[in-house]
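In this document, chain identifiers A, B and C correspond to the written order of the chains, with residue numbering beginning at 1 in each.
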Amino acid sequence: MTCWETIGAYAFRSLGYGERLLPRSDFTLCQQFTLIGSGMIWNVYYGVLALAFGFVFAISLALAKNARPAVLRKPAEWFVFVFRGSPLFIQFFLAYFLFQALKQVSPVFDPLTSAALGALIVLFLNTAAYSGEIFLGALRSVPAGDIDAADAYGMTGWTRFRRVLFPTMLRLGWPAYTNEAIFLFHATTLVFFSGFPAWQQKGDALYYARYFADKTFNPFIPYPIVAFYFVLLTLAVIGLFGWINARLNRHLPQEQRRRIRVRPQLIR
Amino acid sequence: MKKLTIPAAALATALAGAAMAQDVVRLGTEGAYPPWNFINDAGEVDGFERELGDELCKRAELTCTWVTNDWDSIIPNLVSGNYDAIMAGMSVTDERDAVIDFTQAYTPADPSKYISLSEDMDVETAVVAAQTNTIQAAFVADQGWTLVEFPTPEETIQAVRDGEADVVLADGSYLDAAAAENDDLYLLERIEKIGGGVAVGLRESDGDLRAALDAAIQSMKDDGTLNAMIEKWEVATLW
Amino acid sequence: MFSYCTDPSTLDGLAWLSCYLTTGKQFLFYTSFGTVLVLLFITAPVALAFGFGGAIAARSRIAPLRWIGKTYIAMVRGVPDIVYFMFFVIALDQGLEWLRHKWKCPDWDAPIRQGSDFLVCAEAKLPLSSSPQIWHEIYNFSLAVFTFGIVFGAFSANVLYGAMRAVPHAQIETAEAYGMSPRQSFWRVLVPQMWMYALPGLSNLWMILIKATPLLFLLGVEDIVYWARELGGTANPRFTAYPHGDWRLWYFLALLVFYLLFTRLSEVVLARITRRLSHGQAVLGGAQRETAA
């Protein structure tokens, strides 16, 4: 098989298209690059969707934790504590058990045990807890003057939040949120590692890397390939989030704009 | 298979002296595959392979110790020298034989069986659960059936209970033990003859150890002790 | 353990449980908690040392050294830590044995790689295959510490690098005005003040380290996750005196509680240390410290 044919056969293998059987012998670099790259589709899928849904939930959590009534504050505090205080690995494992139990209750819950939905929910809750904490910190450091000014204009409630608090909070929290996004993508490699099974050999980048490491008994090729793909992915995330950051800060004078310093602050 | 060049072999013997008997041979196993190998209540490796391995070492006049290792990395750790032999219910396959060496088999090929919650199940249309990186997983993938993989054999059976999968394909002896214990699980009549017998896995460069263990296995086959042990642990058919 | 445990099948309720929880196998589970804690407490200073080296290298005036330092810091940003764990240990093990092989057996002329075998002379084996099992375990444990140390050292290098830059430049200038050499001003002015700025980041790192420990089984350490899986799995009465169903859920819940308690305790202790350290320091509380994290 030439490399082009390999790419044609395996580029979408992780989604179940193309050649059904994984390579069994005479492994080539091209096969490893293609299949592991194909697995990256899932890493991107989990990362993008968990971030998108998690963003909304994180802001709600930040507001709830900042609220005065204990009915709102306490559940949010516990939620954040549980998800930030325990390893994601254990969370995946327990979630899989929970979803299995729910499945016995009603067939409505059937899709939950599939990695595509179940693992996404865990990642979504997990990133929401971490970014909720980031946005809470940002919310608490919104300058008091901004709020006074909003009051002076007669803004209240929703209008004040939408026009003053939210944009400033986003701007202040963005650099830390960028880090969270990077490490969420890293965390997606854990999906097929604890609990969730792989169906029809459809897995993520690390799943295929392990497949090759097991078949070739040589870990020194497939894992660096995963590393290579993740470096590319990280650069893409930094680029995108940096662009958003520039837009969030475009009203500020040049020298006051905060550049994102990528710092590995958050991981699970 | 003999890749050791003559001077190197001579040197190895010179360095090790005649000290092979005093050298400790480290046996690697998984410790999670009863009745072949498992960790007993006292926290020690136990099972058919423990008993067999100890007897083989006695006959070959070797001092042996047991080490447990994850199934996933059991071969890479052998070739990089963390232990000297694998006894973990490992069937001889071409893929494995290309990378490591095997002694003669100590149990005949154990046919693989299916276990399920219902007695009439068409495995070809069912969801088949198998442990990752086993001959069974490769077999199901080859047939083009629906395969779902789990890291441990325990999880495959649990998956059938939970309705995640319809049947488990695994070594007959393992499923026999599971079915005997659980009234809700049935062995299907269909069996698959996949894989060769189970043998000790060794590095390709370890010719001496292989010869020693081979001789020990042969002597146990000859005097019937191996059959007695197989019968005791119900791991396979007799020789 | 207890005298009444000789025939567990006759027991039930608490008596059975007390026997079950005190079998030799269970004790392996309990000791694995100790293993994880010991590993954490050894890894933390190792990672800090690597981090300190990395931060100094990244600040170096010598360009190649600076590149090495910066690459090291960038390493953990781009690639998930789990990927390193998958092959670092085997790489380290083979690397060390190769070095020893070169040193101990210079006359060896057979190739080290024979097909997929990695073959060094018997003297170069680490540890020697004749050494008792305990040495093998210690060796594995050290490799795990080293691997964790390298990966988390990169995180801490990043924190320390940021903290060194956060110390006001005027402090260094003042030190130089007093006639201190760069080396003196680094050790006497920069380093003592840096810790204050580094502390929030390092606290965070400690939490990260705790939460990375379930991956220890990848490094060949039989940790709490390994034993929770092993003990929680269905126990068949043919092979144990204490048969039970699938109890992995309970074992994993126990792990969850352990981690929650441990992270909570760490949080409290670290907050106290931060408060004590900031005593008498010219730092305006949170706002300024955050910039260094």
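Some points to look at:
Just so it is clear, a residue touches a chain if its C-beta (ideal position, glycine included) is under 8 Å from a C-beta of that chain, and two chains touch if they have at least 3 such contacts.
Keep in mind that this is a model prediction, so the values were computed, not measured.
Viewed as a network of touching protein chains, the structure reduces to a complete graph with every chain in contact with every other.
Chain C has the C-alpha centroid lying closest to the overall centroid of all protein C-alpha atoms shown.
The chain pair with more C-beta contacts between its two chains, of A-B and A-C, is A-C.
Chain centre most remote from that of chain B: A (centre = mean of CA atoms).
Computed from the mean C-alpha positions, the centre of chain B lies at a distance of 33 Å from the centre of chain C.
Distance between chain centres (mean CA atoms), chain A to chain B: 39 Å.
Rounded to whole angstrom units, the spacing between the C-alpha centres of chain A and chain C is 24.
Shared contact sites, meaning residues of chain C that touch two or more other chains, fall at 90, 116. Touching two or more other chains at once are residues 210, 213, 217-219 of chain A. The multi-chain contact residues of chain B, meaning those touching 2 or more other chains, are 76, 79, 99. Residues 81-82, 84-90, 93-94, 97, 137, 141, 182, 186-187, 189-190, 193-194, 206, 209-210, 213, 217-220, 223, 226-227, 230-231, 234-235, 261-268 of chain A touch chain C in their complex. Every residue of chain B that touches chain C in the complex is listed here, in rising order: 3-5, 7-8, 11-12, 15-16, 22-26, 31-32, 34-35, 38-44, 46-47, 65, 67-70, 73, 76-77, 79-82, 84, 99-100, 152, 154, 157-158, 177-178, 180-181, 203-205. Residues of chain A that touch chain B in their complex: 20-22, 24-25, 100, 103-104, 113, 197-201, 210, 213-215, 217-219.
Residue ranges on chain C touching chain B, taken from their complex, read 23-25, 27-28, 90, 93-94, 97, 105, 107-110, 114-123, 125, 129-131, 133, 136, 217, 220, 222, 229-230, 233-234, 236-242, 246.
Every residue of chain B that touches chain A in the complex is listed here, in rising order: 72, 75-76, 79, 95, 99, 129, 132-133, 138, 141-142, 144, 146-150, 155, 159, 162-164.
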